[in-house]
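Right after this note come the structures.
Next come two complexes built around subunit A: one with subunit B, the other with subunit C.
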Partner chain A sequence: MATEARAVRLGSAVRRGVGQSVLLTLPMVVWSLLMFFHPGAATDRNSVIAAGVTMAFMVALFFLMMRTGNTYRWRRVFFVALGLLFPVGFIYQAIHFRGSMGIPMEEMIAGRTPFCFMPIPMLILPAALTRTVVFPGSIVGVGGMSGAGIAAMVGLWLALTLVLGRGWCSYACFFGGIEEGMASAPKKATIRKIDPRWRLGPWAVLLAMVLLSLALFEPAYCEWLCPFKAVSEYLAARNTVGLLQNALFVVLFAGLVVVLPLLTKKRTQCSCFCPFGAFQSIFNKTSVFDVRIDKERCKPCVACQTACPTMSLSKESIARGETLLSCTKCGACVDACPRGAMNWHVKGTEAAANPERARLLFLYAAWALAVMFGGSILAQGIRTILHFVL
Partner chain B sequence: MKLRARLGYVAAGATVLVALLTPFLLYGMFAKGVVALGLHVDEIYSGGPKVRTIQMSGYSIDVHGVVTPHMLQRETAFVQMDWRPVTALPAHVSDLVDVDGDGKPDVRVSFDVPRDPKAPLRVNVEALNPRYEGMRNEGKERYSKLIVRVDDAVLVRVPVVGR
Partner chain C sequence: MGEALVLGLVSGPACIAACGPVLVPSLLTERAGLGAHARYLAAFLAARLMGYLVFAVVAWELGALVSLLRAPRMPLVGAVYVLLAGVLLWYAWAARRRCARACAGQALVQISENNIETKQAGGLAGAAALGLLTGLNLCPPFVAAGIRAAELGSLGAALLFFAAFFVGTSVWFFPFAGLSCVARSEAVTTVARMAMALIAVWYLAMGIAMLLGRRVYGY
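So, the complex of A and B:
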């Protein structure tokens, strides 16, 4: 009876008073000020307004996480905004620098193809064997759309991966938000039963793309399969093959990022296709944070499994008291559990040892990086909108 | 508290520290580490190192080293030549180029230089040395066989036979 009462009490998230929530949010206010208004930050009107709005947005969401005890609900707001605003800022930049979303051959030869994190796993083997980067960018930035260059993106990815593991896919990926927004739109899933073997999809795509990139010495995933080319940039089609590549991008985007998430309420691209996600899963082994299940409290109602947007829980894993390797630490299962059996967890501690402490430690680290990386992308998107509105 | 749990919390604290140090220290440090690896972008894209410059009247031709494809790469070996600056080029270029530096011309490269920088380019290459492949009215279909304008230069890539 006592255990039952405790479980019900813990089943609802840890709600805090306004004062305590403000105190817990203060470090994030200081951090956000440092990130958005540091010396050297742009001082034009649009940039200052965009930085202020983004800072208020990120701080407000963190405050709500502290106040309500819910993680997923508020993180999702940030993540969907990131997914929607990234294309706004990026496409504007592409049109500003080269007049089109298409990457012409000239820009590739000049090393000005912007480098995102997606091809990182495909570049490792060619680089290790021949010291060659099989991507038409530049190691350090050379102006135009090259940004800060390949080395900067890889450096950033390394640092964020140390902290987040596959949490990258819920706090840093600037593509996943579109899909998460789609998955959240319907009240109920039309397709409820998904064959668990689809979870192997990302690993199969990863293996195929790694081998193909090594054999052909080209970023095969970027050239043929990236669904997000449809909302960022595409290969300026020079021939029938180019047209086919661009058609594939659009079909994959429409299917995996729009239609299937609407039908299944799952992030289908992330959980069944994305090779970077599979690669990032490996780093969940090195991350100190994870989500565990208190088996004493768990009455397998599978509410967590239903809520998980990346299919990272199975009946077997629930029985073992853990999530699958693909867990993105989004917090959906923790928030959904009616008995408080799903817990944020620090490895090495007991499954139910002070989950709120584990949650706070993880959120300070993850949100700090979300403010730094995602925040700058949000600010760029808002600045672009202001450019047209004001 | 057990030792494992203590170590867990120490690692969690260290992770928070890593997050806080990322924008100020770690991001730059890791990026410099990647640069220090001495990696280079595949020469199929970058065109290979410049080996010689030929001075013409008012402009120059940079000749690059031969770029050979890796493994199953879908390109052939090629050599790149850059005509620069574009502003100094005549309306029609027709140059004999000694590609391998043996004192004899290897190819005759001919192309028009339209005033509009976005206008498509076409090139004809007459091979005077059987080591190089001729090209007729070529645009930019392949990395190993093209003419493009990049910034202040016109780049021509001529396929090398038997590499």
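So, the complex of A and C:
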């Protein structure tokens, strides 16, 4: 309570003094030290510099969140950096270990594919019905180029998802940053009216890909529709179908991750296409955190709806005082609201009872994930750059 | 008969996996209610049986080796895929309708205010077309049954074998009628229509590739 008493509330943002912000940032400093400099961490020069830079970056952003009261602005810096540095580290690793960005079919069959969280929803039905993992990565610890096995990845994802819900898509996903950067670039959206039915796109892609994966016993999304294959790894095309698949990856990346975000100022891939995002939305029901609208304070100016990069607010949902199921908890609406009506909320507590405390609780959980998961990816990207520069 | 029935029963999960991309979205666009879904499934399965029996005749007349060899199989599967794509696209277009009841999907998206049913989905003709085409689609259990049927002494025996095989696999399809519980909001219908269009595009691409004799994984 003392913390909030000293804090100054401006709109929805709570601005704090330097000392108070430093104190609130200390737990994240300790967590970052554990993540980046734990016993057994690489000790070569490039790795140490990369870990130090990443730690400073993550801690500084958290401090700024505490100091300014803004969430979205600083989270976006991290998220865009994550989106840009992931391909740097990943492509280098692919070329270093495999000699190419292309995956030959025999490599996939041998289970030497780095595991990605995207096909998790498509693994469940085939695994339940046939005890078969249709993703071609190995289930044991040594599987995949990254060394992380499917079981470890699924376990990690599940634990974090139960707490954060679709917050995963704003604090951990290494794909969304590029389009968030693109969406932030223009001052105004060229396309402002988007048919609300496009919000159902991710569910349609999810349904289609789950059914096709089950029918083909192949990860259909990875083989046909993943836009991020264009900046990570592609199928080593040896026939017309392979060429078609790679062409689709490039077209989808160009359209959904570059052109449409520039035109709409929205994360179009995340909000209209990503099947993992749809699946992740379900866990917004289990997550203890959500964003609520204080209907007494709200004058429906729709600033929140305009600011939301994932189209997770509609006039109807604002009238109900809540976001849509697809909310990624990025904080854009909370920061944009001029009347402080958008608030972080812990389920089971009174709405708007203590929004800043709810924000702090959420941010500690979300940023801990960001440091652990995204931080390691950032460090790998920086290490790769250092490898070429130093 | 017993062998065919058991073969059908044990390979049923593979059958529903193969038919899932066609059956699930088309059922989700149907009018809500157990009766409507049961009628749809009956039409789908009856047409599927017809497909099975047609194939039984071909398998017996030509011999399993001729009908199941890769070279003659590719154009057949390709043609079935192209036709499936066509029917699915038509179905997705025809299923323009609105909520018959209050939309349960408002946590996802609110599309329209008026809950008026304006148009029915593909109906029994659509179900029958999809059932026939999936019946002719050569999924692995179907190929196994085809080989066994071709070894039998008479056409009648081959037909009976396929009929019993059909009964065995059909048991696995009955739970799909339960989809009527969720197929009542406009959001679900829209998702199903979009998914159907996406699946249709996949079938079309694969079908054309097969008809052109291009190499496709798994075939």
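Everything that follows uses one rule, which is that the second predicted complex is superposed on the first by the 374 of 390 C-alpha atoms of A that agree within 3 Å, B and C clash if a C-alpha of one lies under 4 Å from a C-alpha of the other, contacts with A are read in each partner's own complex, and residues count from 1 in each chain.
Simple rule for what comes next: a contact is a pair of C-beta atoms (placed from the backbone, for glycine too) under 8 Å apart; a residue touches a chain by one contact, two chains touch by 3 or more.
Here the structure is a predicted model, which means the values were calculated and not measured.
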After lining up the shared chain so the two structures overlap, which partner does A:316 touch, if you call subunit B first and subunit C second: first, second, both or neither? second
According to the stated criteria, A:239 is in contact with first (subunit B), second (subunit C), both, or neither; which is it? both
Which partner does A:333 reach: the first (subunit B), the second (subunit C), both, or neither? neither
With the two structures laid over each other on chain A, which partner does A:257 touch: subunit B (first), subunit C (second), both, or neither? neither
Check the contacts made with subunit A and report whether subunit B or subunit C touches more of its residues. B
Once the structures are superposed on A, label A:325 by its partner contacts, choosing first (subunit B), second (subunit C), both or neither. second
Which partner chains sit in contact with A:182 here, subunit B, subunit C, both or neither? Use first/second/both/neither. neither
Which of subunit B and subunit C A:216 touches, first, second, both or neither: both
Look at A:274 in the shared chain and tell me whether it touches subunit B only, subunit C only, both, or neither; answer first, second, both or neither. neither
Check whether A:353 is in contact with subunit B, with subunit C, with both or with neither, and answer first, second, both or neither. first
Residue overlap on subunit A between the subunit B contact set and the subunit C contact set? 105, 126, 130, 214-218, 239
Can you list the subunit A residues touching subunit B in their complex? 31, 35, 105-106, 108-111, 126-127, 130-140, 148, 150-152, 154-156, 158-160, 162-163, 214-218, 238-239, 287-289, 346-350, 353, 358, 361-362, 364-366, 368-369, 372
Give the list of subunit A residues in touch with subunit C in this complex. 105, 126, 129-130, 196-197, 199-201, 203-205, 207-208, 211-212, 214-218, 220, 224, 239-241, 244, 281, 314, 316-317, 324-326
In the complex formed with subunit A, which residues of subunit C make contact? 13, 17-21, 24-25, 106-111, 187, 190-196, 198-199, 202, 205-206, 209, 212, 214-218
Hey, which residues of subunit B end up touching subunit A in the complex? 2, 4-9, 11-13, 15-16, 18-20, 22-23, 26-35, 37-47, 69-74, 140-141, 143, 146, 148-151, 155
